[in-house]
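The data blocks that follow each hold one structure.
Presented sequentially are two complexes of chain A, the first with chain B as partner and the second with chain C.
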Partner chain A sequence: MTMQDEINAVSADTQTDAAASARPVNERSAFQRILTLTVGPIIAAFLLSAIILMLVGVNPLTYYGYILERSLLSGLGLQQTATRMAPLLFLCAGLIVAFRAGIWNLGTDGQFLLGAVAAAATAPLLVGILPGWAVLLAGFLLAAIVGALWSVIPALLKAYQGVNEIITTLMMSFLGVLLASTLVKLIFRDPATTVPQTRTLPVDDRLPRLFDTSISSGLIWGLIAVLAVHLMMTRTSFGLRLRMVGANPVAATHAGLSVPLLTMATFALSAGLAGLAGASEILGVTGNVPANWNPAYGLMVIPLVFLARFNGIGAIVLVFFYSALMIGSESAARRLGVPQNFTLVLVASLLICLGLGEYIDQHKRKKER
Partner chain B sequence: MLVPTLTVLENLTLGAPWYERPPRARIAARMEELKRQFALSLPLDAITGELSLGQQQQIEIARALLRDSKVLILDEATSMLTPQGAQELGERMQQLVKSGLAVIFITHKLAEAYRYGNRISVLKQGALAGEMGPEQLKSMSEDEAVDEIVRLMFGREAGATSTEHRKSTARDNVALKVEALSTEGDADVMGLEDISLSLRAGEIVGVAGIDGNGQKQLAEAMAGQRPLKSGRVELDGEDITRASIAQRRRKGLRYLTDDRLSEGSVAAFPVSENAVLKDIGQPPFWVNGLERPHRIAEHARDLIARFSVSTPSETTPIGRLSGGNIQKLLLGRELSGEARVVVFNKPTYGLDLQNIDTSRQRIGQIAERGLGVLLISTDLDELMALSDRIVVMEGGRIRGIVENDGSGEALRLRIGRMMAGEEENRQAMA
Partner chain C sequence: MSGLLTEAFLSSLLTGAIIAAIPMLLAGLGEQMSEKAGVLNIGIEGMMLMGAYMGFLVAFKTESLWLGFLGGMLGGVLVAIVMAVLCVRLGLNQIVIGIGLTLGVEGLTALLHHFQFSRTYPRLPAPERLNIPGLTDLPVIGPSLFGRHLIVYLALLAVAVLAFLYRRTNLGMTLSAAGESPAALDVAGGNVLGIRVFAVLFTGAMAGLGGAYLANIGAGLFLPFMTGGAGFIGIVLAMLARGRPLWVLIGSLIFGAALSLTTALQVAGSNIPTDVIQMLPFAAVMLVLVLFGRRAKLPAALGAAYERGAR
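Entry: the complex of A and B
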């Protein structure tokens, strides 16, 4: 259960950190803290990955330079980066709701794919029957509902039986991924193609592009989703209720909140947003779902949400850099022969270094006391 | 402690060096010996969890004997046993003592201490309150011994400052009425049985009892946090038996929990949010579900000033404050709005002397204002000083309700006997 340990450790850290930020900054300068907590670890992570790159015989400067050039400095690359952000942002929104409410929804991949399949199965059939905006709306709504439905079992088990949702959501995610591909092959398969995939939504009927670029307007909706979730969690009574359940369920019960109902609501919101993420990728970018398609974005954004400390603005910034990293490394994989999965190595070393930074910071703070 | 999924033999061999095979033959032989000597009969291959509690206790004793222990400490060993089982345990303890073992037997049941003990030591709030030697015990009857223990446990020590008895401010109308209330109990939580009491406006009713005799469950049942098996609760004549926690609060029934840190507050949240945790979504702090941070902060600053909470600011996480200051803020939270009845659970527990004093004064003032106060406390001094009447709980039941006329020592000892569960026996015999 290393994953759970890690999650618990990080969440405990965020709490102590939140507590620490209120303290007058006289113990150690704020600059030093930023250095140990963010800037230092990021530099260390890039250095660490550079060492690994050198070990496999690739010049790290070329690699990093290539990624930068391909994802951010070239017009097309930047547009790809921005388009890639849309599903990741929806997923972040879903995870922020869940994590802030103390629910570790790790099943976003299954919810994402089933949402995607639901959108891909219905939208092409509705074209011509409904006006364009209604087709998209129906696709998004259906995806959200299907995603949320896929979380009902873990939600019920958690809310009324106290079954650990980390296990159940992961299990349901495996099932969801397989079910999605089964549905594509058996039921929603496009009879016109030889490769098993769903019917394709024509490009003209997809989410409109932004201005004259290739950026999908899903980006805007994704940004809205993250910001809306952020405001909901920090500014509304519903958000405070969810946070209270997350921070201290006993106190929440004492204060008269219905912890089971709020838990159910959290699952529905989180999984619904994961479903929307799937729809945004289908209705905005790809237009169909091939069988066995699973980009596994859901698990990918979990570290980002943690790094952002469940903060929506922070998550947007990190998603931007992460998309850039993904797009850049996809090209780099082709050109320099560094596997695309090297991005994961980079992210993993970043997580480890940030964890170490956190540890060092706590250690120093303890000494000062 | 035993591992319920292992066999008796495995439990007996736990803690042996890892490289040895469990010496089954040797243990079986020793068990045979113990069986003759102490009437311990244990099926070695049975799964421990399937045995009765009495048998499980025998395993623990056997384990101690197998390891040639010199001292055996039994903590509340009879609390889960039937009277018959307790009797057997008592005889077994006497045999163990005869074989040269020293036994420390910790119990809440005073008569057991007299029956099975050679000497009795009385502990009170972490200090030795008194001792009774073998000769002294022999010269006493059971009743006399129990009286003496009660005196040591609950009597006022010489030189203790006598607290002023509060003048009653009770009015005529009944604020809170509880009829035949019962709750479900289990292995960890004591159930309540047939609790009936009434509380008038302006009256302070104290609830006395040794910790863990159902007081917390009573408070939770009042607040709506604990489902009832049967019974009825009325607030100002209105039936609130089925009302939710939030509804009861809005109707004016407030509960100040004894667990300030993990139930009363959310440590990582700022003081200001903690001050409104029980009013989430209510105006004026939220309008149409949207937070009004200024009103929340203002309210918090107001509470901080009125209840003299010492905190750097209202944005400080409440977990950073001392217990006394958290208590003051929670008290302020419970009293804000239209409070009618306040249930206090151990309001001064763990506070320093000055905070205890101000808390007690506040409780008196609350009653003066015409609110009904149910004051649960394990501190008899506190109850005697503040209450109009005192309800004594033991084993999840009410053992008696006494008028607190401030008559002092006699009343005190009578309450003490009821708390120890001894009063009933006395009445039954008389």
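Entry: the complex of A and C
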């Protein structure tokens, strides 16, 4: 058995576990389970991170209070939080497709940035030639194609040579990030500015804002993408085929499915959605790509998708809290002098604590059997 | 370009290759043991970075490089303990935990460094070197091959020791069994989880040492995010080496040479943007994977947590 089979076998196991946990557990109250599975670990993660804050001499209460106030309790902060969700949602959609199909696409950062550069390189040039909606559509389409193209080599290697995609997508990601920066500096550079960056899409030509707020309508498209992917994977025959490949490629082959083709399709969908994520940030929020710009959303979203158990709805909820955290900590970096990198610490401790919580839960259930 | 092939240029190229190769060699050797035992250790990037941070901090405070290396190993082991508990003892997903740990360490070291040194990046003094009379005085290869810090030769020694360990000892067999067929090892009375925990901790120590080398000797200072994928390259080296330490050494020297060539070209005054130059090692890895990826051999049970009696 190859390594991938093993990973899939494991993920299939966890899925049946998840199904089992949906049944009512009589022995312990639902309240206790929620405590061990979500509330407890979240509190533990915040406490753990608070200790680190105290170590570097920051009052955790002030910091957490500031983040909460800045990102969720202020009108402007809440709007920024909602806008930030758009690219993260597209990335989640891409990861859900891949992870459910048993493909570890860890290269979304490169796909995201190249998609962003593709959108930023074309959209400003098309303004005035095409109607507004067509400019945006062209930007999104091109970004999806470029993102998908960047996954072709890992996809081919995985589908036809059986080369582990974890490492190939990671390497292509490093390459993609550097290539995006090179393209901005050498080819798509705006001659009118002194700082190397692409041409800027005028604010009026960007994605429309929602109602009277500053929230980009990219949020709606992101939500649609996640929900569509969720329905596709859970309710359609195509989704079932992809999940079969993910659960057991050998069985899928025996069932008459073309595993290599489905693998290629998974990569294309996943990387295409990552490209759309890049476009949504450019066409909706920033309007251009500065050289060396890399928000590195891609790897950060992986723990979120995993914590949501590859479930679209769960991912949306987590993305909401995560973008609130990002907006709050970006502001805290300026006001309180705590670098944004602290968010990484918080998410990592959340991942560890939630993992531990899940283990404790499983352990208790086994004892009860 | 005619001025390139001078003695000084060749010497610095060789020196650069060795300096760039050692961290990857150590990381690759460490990862190899994890993979042999059936754990895909994606957290190695984080272990390396923690090693770089702790290694630098200890060396900076104690003014001793050797204590710095020890500190680096300790840093790597600390991250490895978390990995071992979560992925080996508790059987959580190795890929997600590995990515999570790497991100967490990136954040943590950047945060701590920010509060300790603010925006000053203090440097360590240049390391003392081993001086072998006669050999060190040879032209071109002398200073680069025989004038390095003692740790370089210890790393080379580790290649031989590990090769012996894997081929000739019970421990080596047990490691392979844990990766190829953990159930069989369990039935035979071996301790699957124990040997895997040992392998992960060893990886942490080696990666941490590699990180400390990167910071203390390669750069002479610590920068947040400074490993920049060296740990991931270590994973590739281990994958392609098919369980043989010598191949990790050969691979790391080739990548080290590629890295050092690009730096040398930059110094020599070519006006290619740095981004393009930084792409070369990753492009080289992809090229190797396209050409030889099919021949990469990985243990059968790699990436799967072992639970007794589970099917």
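In the analysis below, the second predicted complex is superposed on the first by the 348 of 369 C-alpha atoms of A that agree within 3 Å, B and C clash if a C-alpha of one lies under 4 Å from a C-alpha of the other, contacts with A are read in each partner's own complex, and residues count from 1 in each chain.
To be clear about the criterion, contacts are C-beta pairs under 8 Å (C-beta built on N, C-alpha and C of every residue); 3 or more make two chains touch, one makes a residue touch a chain.
As the structure is a prediction and not an experimental result, all values here were calculated from the model.
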| item | value |
| --- | --- |
| Contacts of A:Ile302 with chain B and chain C, given as first, second, both or neither | second |
| Partner chain(s) touched by A:Thr253 [first = chain B, second = chain C, both, neither] | first |
| Which of chain B and chain C A:Leu88 touches, first, second, both or neither | neither |
| Touching partner for A:Tyr359 - first (chain B), second (chain C), both, neither | second |
| Which of chain B and chain C A:Leu178 touches, first, second, both or neither | second |
| First (chain B), second (chain C), both or neither touched by A:Arg235 | first |
| Chain B versus chain C as contact partner of A:Leu262, first or second or both or neither | neither |
| More chain A residues in contact - chain B or chain C | C |
| Contact footprint of chain C on chain A as seen in their complex | 1-3, 6-7, 9-11, 13, 52, 55-57, 104, 106, 153, 157, 161-164, 166-168, 170-172, 174-175, 178-179, 181-182, 185-186, 299-300, 302-303, 306, 338-339, 341-349, 351-352, 355-356, 358-359 |
| Touching residues (chain side chain B, partner chain A) in the complex | 223-225, 244-246, 249, 255, 257, 259, 262-270, 273, 277-278, 280-281, 286, 289-291, 312, 315-317, 319-320 |
| In the complex with chain B, residue positions of chain A that touch it | 15, 18-19, 22, 24, 235-238, 240-241, 243-244, 247-248, 250-251, 253-257 |
| List of chain C residues in touch with chain A within their complex | 40, 42, 82, 86, 90-93, 95-97, 99-108, 110-112, 114-115, 224, 229, 232, 235-236, 239, 273, 275-276, 278-279, 282-283, 285-286, 289-290, 293-294, 296, 298-305, 310 |
